[in-house]
Amino acid sequence: MTTLRRKPVVPLAATVLVLGLPRLAAAQGELNTGDTAWMLTSSALVLFMTIPGLSLFYAGLVRAKNVLSVMMQCFAITCMVTVLWTVYAYGLVFGDGGSLNGFIGFGKFFLADIEVGTVSGTIPESVFQMFQLTFAIITPALMVGAFAERMKFSAMMVFMALWVTIVYAPVAHWVWGGGFLQDMGVIDFAGGIVVHISAGIAALVLCIMLGKRSGYPTTSMAPNSLVLTVVGTSMLWVGWFGFNAGSAGAADGTAGMAMAVTHISAAIAGLTWMLWEWSNYGKPSVLGIATGTIAGLAAITPASGSVGPVGAIVIGFTAGATCYWGANRLKRLFGYDDSLDVFGVHGIGGIVGVLLTGAFASDALGGSMENLDIGNQLRLQAVGIAVTVVYSGVLTFVLVKVVDGMIGIRVTAEEESTGLDLALHDERGFNL
Amino acid sequence: MKLVSAIIKPHVLDDVRDQLAKAGVQGLTVTEVKGFGRQKGHTEIYRGAEYTVDFVPKMKVETVVSDQLVEATTDAITKAARTGSIGDGKVFVSEVMQAVRIRTGEIGDEAL
Amino acid sequence: MTTLRRKPVVPLAATVLVLGLPRLAAAQGELNTGDTAWMLTSSALVLFMTIPGLSLFYAGLVRAKNVLSVMMQCFAITCMVTVLWTVYAYGLVFGDGGSLNGFIGFGKFFLADIEVGTVSGTIPESVFQMFQLTFAIITPALMVGAFAERMKFSAMMVFMALWVTIVYAPVAHWVWGGGFLQDMGVIDFAGGIVVHISAGIAALVLCIMLGKRSGYPTTSMAPNSLVLTVVGTSMLWVGWFGFNAGSAGAADGTAGMAMAVTHISAAIAGLTWMLWEWSNYGKPSVLGIATGTIAGLAAITPASGSVGPVGAIVIGFTAGATCYWGANRLKRLFGYDDSLDVFGVHGIGGIVGVLLTGAFASDALGGSMENLDIGNQLRLQAVGIAVTVVYSGVLTFVLVKVVDGMIGIRVTAEEESTGLDLALHDERGFNL
Amino acid sequence: MTTLRRKPVVPLAATVLVLGLPRLAAAQGELNTGDTAWMLTSSALVLFMTIPGLSLFYAGLVRAKNVLSVMMQCFAITCMVTVLWTVYAYGLVFGDGGSLNGFIGFGKFFLADIEVGTVSGTIPESVFQMFQLTFAIITPALMVGAFAERMKFSAMMVFMALWVTIVYAPVAHWVWGGGFLQDMGVIDFAGGIVVHISAGIAALVLCIMLGKRSGYPTTSMAPNSLVLTVVGTSMLWVGWFGFNAGSAGAADGTAGMAMAVTHISAAIAGLTWMLWEWSNYGKPSVLGIATGTIAGLAAITPASGSVGPVGAIVIGFTAGATCYWGANRLKRLFGYDDSLDVFGVHGIGGIVGVLLTGAFASDALGGSMENLDIGNQLRLQAVGIAVTVVYSGVLTFVLVKVVDGMIGIRVTAEEESTGLDLALHDERGFNL
Amino acid sequence: MKLVSAIIKPHVLDDVRDQLAKAGVQGLTVTEVKGFGRQKGHTEIYRGAEYTVDFVPKMKVETVVSDQLVEATTDAITKAARTGSIGDGKVFVSEVMQAVRIRTGEIGDEAL
Amino acid sequence: MKLVSAIIKPHVLDDVRDQLAKAGVQGLTVTEVKGFGRQKGHTEIYRGAEYTVDFVPKMKVETVVSDQLVEATTDAITKAARTGSIGDGKVFVSEVMQAVRIRTGEIGDEAL
């Protein structure tokens, strides 16, 4: 079994905790160079997911006049969240919140007390916080796809600073930092709740409040370069190995199995999407198979520390099918303009994955948790989802209202028609 | 002098150029354009939305020739560009009043 | 020396086996976190080679109207092979074939019996199979370059499913899974035979049977974007460190030397190609130096576990020169349309590398194998090549006939002239 | 604390040496697989910085007609330096120079004596030399940005071969190979002096001697594709984790802290540049934030082994501000045409970083060195800078004169106007 | 026959095409162009240097119509392309002497 | 009114625009084109195959001017675009019957 490092808490059930609490930063132990090597690598891989991975994925999908704007947003989020994290957000997630610890952490401002020699579990705490930081970066960056092509850059920056502080940090603390969801035994190995659901719901709220892009849905807004999108998808896939297998916190069997199931789920979901589209429209598209793999990757995320290959197949297939429906049907049904399908893929994929984890973590279904009470665990997982959906949804609504009131969130019609690259950044993506 | 301007399918361009050279045309200018006509465009799918793109990629070939060369030019293009399927394009002829070769200042037919 | 993990087989000569059998999955041992960290990383690197590396390399070389089709092919192969591997192909390669084990393995369906704690050598078996899977992915993906711009996507998928099952799996078993070539003592550290020769020959057969692209060789079919190709080459180079140094199965001196010789061979082959081209055509091209490095990387692959820097220089130089000749001369001589020179680079590079391994593995020539009988080893290497060339060639021929009979392998002339992106996938690479 | 490997030299002050001498190759020890795994990975990451990272960064910034030429230059430098290094340059840097060892090393031609089992510190020497080689590759490649769009490819190759031999190898030996700067106690953890200052100064001299591009500064020379540049920046950022954290030579707390401070400095510098530009020109540009992060990465490089998060914030901020001034103001003041701001970013960033290291390495300022005499250390750092500026500046001047005399360094006006891609390489970047 | 050639803002293209179709125009050809006129271009910043790009992206729509359709064509374009802000563009009309449909060889008004 | 249409080398565009402005031309439209003429194209190599690309990148500058401005316009272009080497290009002049400013509906010389 994997070696885990976490605060000593009163276990509800040993196996649940082993898989539900992989991230606490406090325990001291002896440094293991193999684990450290893998966690250094994983940190690089997860940063690689956001820049350039995700920013390429999104850059390819927007129109040529907005290609730089989405890259700028991802890049600036990366910089800004790094600063917030270093100054206070690491403490909010992984600090000791004392009597409020069920809800929020505190302390560790400016990464105080982290020295070269400070060890967390079997790796340096400097590495632990770095790895966690990359998750705090990608979560807001995921939302860029929902408000692409029409949100003000300044408003985006202010909103994201608030959102990371008020939504991401608490939710991450609840699930990974010793908060109440973790105490309850909710399983979220690598961030189905913390990353995909919290961002997916916020993206949905944001894009509805922001309104549709002018011309949507009647005008064709064909991707400027699916080449970039396929490259971005590939990088996300590779980087996801760091995301999921890195969440083991060690170079061990849990990491190995996490990588394997991650890969399987991505592949199955991609094929599912491709085949369904093929039968629906007569032709398979590269955007389809690519989007499908992202759905499969999002869905396996919470499950990757506890399911086996068979679970991965089921989760991948379900994610491919439900997200296909989310991006192709649901969006049109309700008519919101989630430009690049953040909710359809990450929101729905995350929910599907977190739920199915409750079943497929059980060794009865090929998972690694013995004696898991599937019914109870499904209930716990549903609670985790519900709490996050409500919290992220409501807080996002409030934050959007606040920022809109302060500085306005949407660009003018003329800026939108010019394209954000020129209108907001005085740059053009291509001068060929 | 006349301007002979032809909208053709992109893949016949090399043939057209060769035939024009044979017909005695010494210079021409080509532009990538998009055409809209009887030939239908194509469909693009984007996550469940099908969009019809009505415009078809075409090439515009323009050459200014002396009056006596107009017919040979038109024939050469028509011959080389005809595939027989819809969308083969058009040839238009119009009057040009003056031509100047920038390098030498030559004018009229000399300049072509 | 490196720590190796393999089934106990009767050794022909100890040193040969140490280098010839690096991959068997069966043995149980104690997990080493450093080795595991490197193998997790290597798995990511080799996947990175195919997507986005190889797909960018190929995407840049085709015409703009086919740019997505090659990316789609690489991506869909990645997904499909993952599923086949998980369901049965891992077992065909690394399962125990019982009395037929000289020819094929069996078992391990759905990765059964691989648990979180299952160790193979010093790494989790989940990681071992993952690493091996990435090889099964890239081998068929390499062939995409040979049939680019004219093969039906559906036929490609059916063909590749059959080819991986009937050609790749047996050949990989012969060389790495305890089959007869491995028993004989053929050295193929990282896949000169298994990957490059098997794919190179199949690519040649396939492109001949498919016929030339319309307009070849009189029309210019200039690459749509060598920028993409150079990026792809660079990614292949970096990823190849995982391919070759990862084939050590450990983070040790063998891995280190494998990385060093891989790098040297790539550099020398690139320069060789560049200088030759410079003297032939008066100008060095970036496509030339890039193609040269790929040739050098392919050729060093079988040798990378046993040769030293001097061997790498010789192999790199020879690969650069012979593949230059293969891609620039041989192809024109025989008039087949190997669109992106899969045979010229991987086939020829692989053959050159496997042969020269027989000599430069010897410590007399700077390699790491003591008392190697060079004459005998060269003979063994030639047998390995011959068997694979015949097997892959004949079987590919049969499979192409079968698939062509079933559903036809070539797109219509109109689809070819429209471009596969629009014709088969209803998408366009660029809307700038 | 980190485990270090170096020749036994008489220490000036223990802590200084621990941080100032991280690279000597001679000591033998026991192989640690975790350290080896991380150093294999780091080698891959640093190669990844040059190809494709840096080459994309530069490719995006030039005009479309020169896009391949800069990629070609980076790629060919990679190949050529690999050969020089293997043949003799590794020995010049890390060999034992005997009585001349204060100035230059010697020996280890063709990597002689490096066997599979040779260990340096806790990693194979094959890996040690591989990691160091990637630094010898990126240093000349950095200069490509200064002479972009107008230097002859042949002259560039000759110049770089000489420069690596006569400038890079000695300077690297002085600082890392047991030379006099190292003996004095100059701290340069990952290459502020060796890489950024030596290349930055040479770039300045080279671009002045070469003359301005025709049309500069009145004609707009807008980047052909900032998409490529942002991707390149992102890859550089990720790869820099290998550059700096790999310079620990181990997977330990020093590596972890190096990665953390590297990331923080990059983020702060990017934001600093963005905000300053925003207030100066009314709009933040993606090129601005990207360039800022590179400045922050360059500046933290020498410091990354000894400063803490607070030092990283100060260094990042200072680098962002001074390099902004260097690229936007200084260049225009003096009117030289440093095409892509190699001096403005790497030269100035390197100098700022090396200087500030002298203060922020002290534990009094959040660093990890106890009892550091800040005043003295600042003096040492200044000496290191001065020596390198003069040496690299003068030698570069001489080498340029020599190469210009031999074969001419600048393309003809017509070649420049045609673009180097067609004029020198008979290729075009895009055929869309 | 007349050639009606219009320089318009890119985003009104679909409207213009629809109006032309309604007016009875059966074919047209579109070219991406850059315009220079009263409408100012934009500024691009490159590391501290501000460059003014005077040229504005425009679309050129060309259609050859029979003489009786000229006015309807011009009106259709003017109506669909007018946004009222500077840079809306121009319509030019000139004489065409001959037209040939390549596919069939038809000439004159038949060919349009 | 006349349409003055010039095929020029891309790098003289800014000069031509400046000279035209000085000559009183208030608007013009530019298209990227490829030219075929006396000036030879270039060679591209692809893995041992040499292909000749006959087409040379050019710019087409079009401006419609009032009759009295035609000569000044032609002169301005000729002067600014002349480098003296082959491939400098041509200027063509032809008749325009009508011009409309879309924004205002002005017609004729007023519209230019």
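Each chain carries a letter (A, B, C, D, E and F) given by its place in the written order, and its residues are counted from 1.
The criterion applied here is as follows: contacts are C-beta pairs under 8 Å (C-beta built on N, C-alpha and C of every residue); 3 or more make two chains touch, one makes a residue touch a chain.
The UniProt protein names, listed by chain, are B, E, F = Nitrogen regulatory protein P-II.
Quick caveat: nothing in here was measured; it's all calculated off a predicted structure.
Chemist: Using the stated contact rule, I'd like to know whether D-E or D-F comes out ahead in C-beta pair count.
Modeler: Between the two chain pairs, D-E has more contacting C-beta pairs.
Chemist: How big is the gap, in whole Å, between where the Cα atoms of chain C centre and where those of chain F centre?
Modeler: Centre-to-centre distance between chain C and chain F: 52 Å.
Chemist: Averaging over Cα atoms per chain, report the distance between chain E and chain F in Å.
Modeler: 18
Chemist: Averaged over CA atoms, how far is the centre of chain B from the centre of chain C? Could you give it in whole Å?
Modeler: Going by mean C-alpha positions, chain B sits 47 Å from chain C.
Chemist: Would you kindly tell me how far, in whole Å, the mean C-alpha position of chain C lies from that of chain A?
Modeler: So the centroids are 34 Å from each other.
Chemist: Residue numbers in chain F touching 2 or more other chains?
Modeler: 31, 44-45, 94-95 - these are the residues of chain F that touch more than one other chain.
Chemist: Multi-chain contacts only, two chains or more: what residues does chain D have there?
Modeler: Where chain D meets two or more other chains at a single residue, that happens at 32-35, 37-38, 41, 222-223, 251, 281, 283, 285, 287, 426-428, 430, 432.
Chemist: Please give all chain pairs that are in touch with each other.
Modeler: Every pair of chains in contact is listed here: A-B, A-C, A-D, A-E, B-C, B-E, B-F, C-D, C-F, D-E, D-F, E-F.
Chemist: Applying the document's contact rule, which stretches of chain E touch chain B when the two form their complex?
Modeler: 3, 17, 26-31, 64, 94-103, 105, 111-112
Chemist: Across the complex, what residues on chain A touch chain E?
Modeler: 219, 417, 422, 426-428
Chemist: Can you check the complex and tell me which residues of chain F touch chain D?
Modeler: Against chain D, the touching part of chain F is residues 11, 14, 42-45.
Chemist: Taking the touch rule as given, give the residues of chain D at its contact with chain A in the complex, in rising order.
Modeler: Within the complex, chain D touches chain A at residues 1-2, 32-35, 37-38, 41, 45, 63-64, 222-227, 230-231, 233-235, 237-238, 241-242, 245, 250-257, 259-260, 263-264, 266-268, 270-271, 274, 281, 283-287, 289-290, 293, 308-310, 313, 368, 430, 432.
Chemist: For chain E, which residues count as touching chain D in their complex?
Modeler: Against chain D, chain E makes touches at 44-51, 53.
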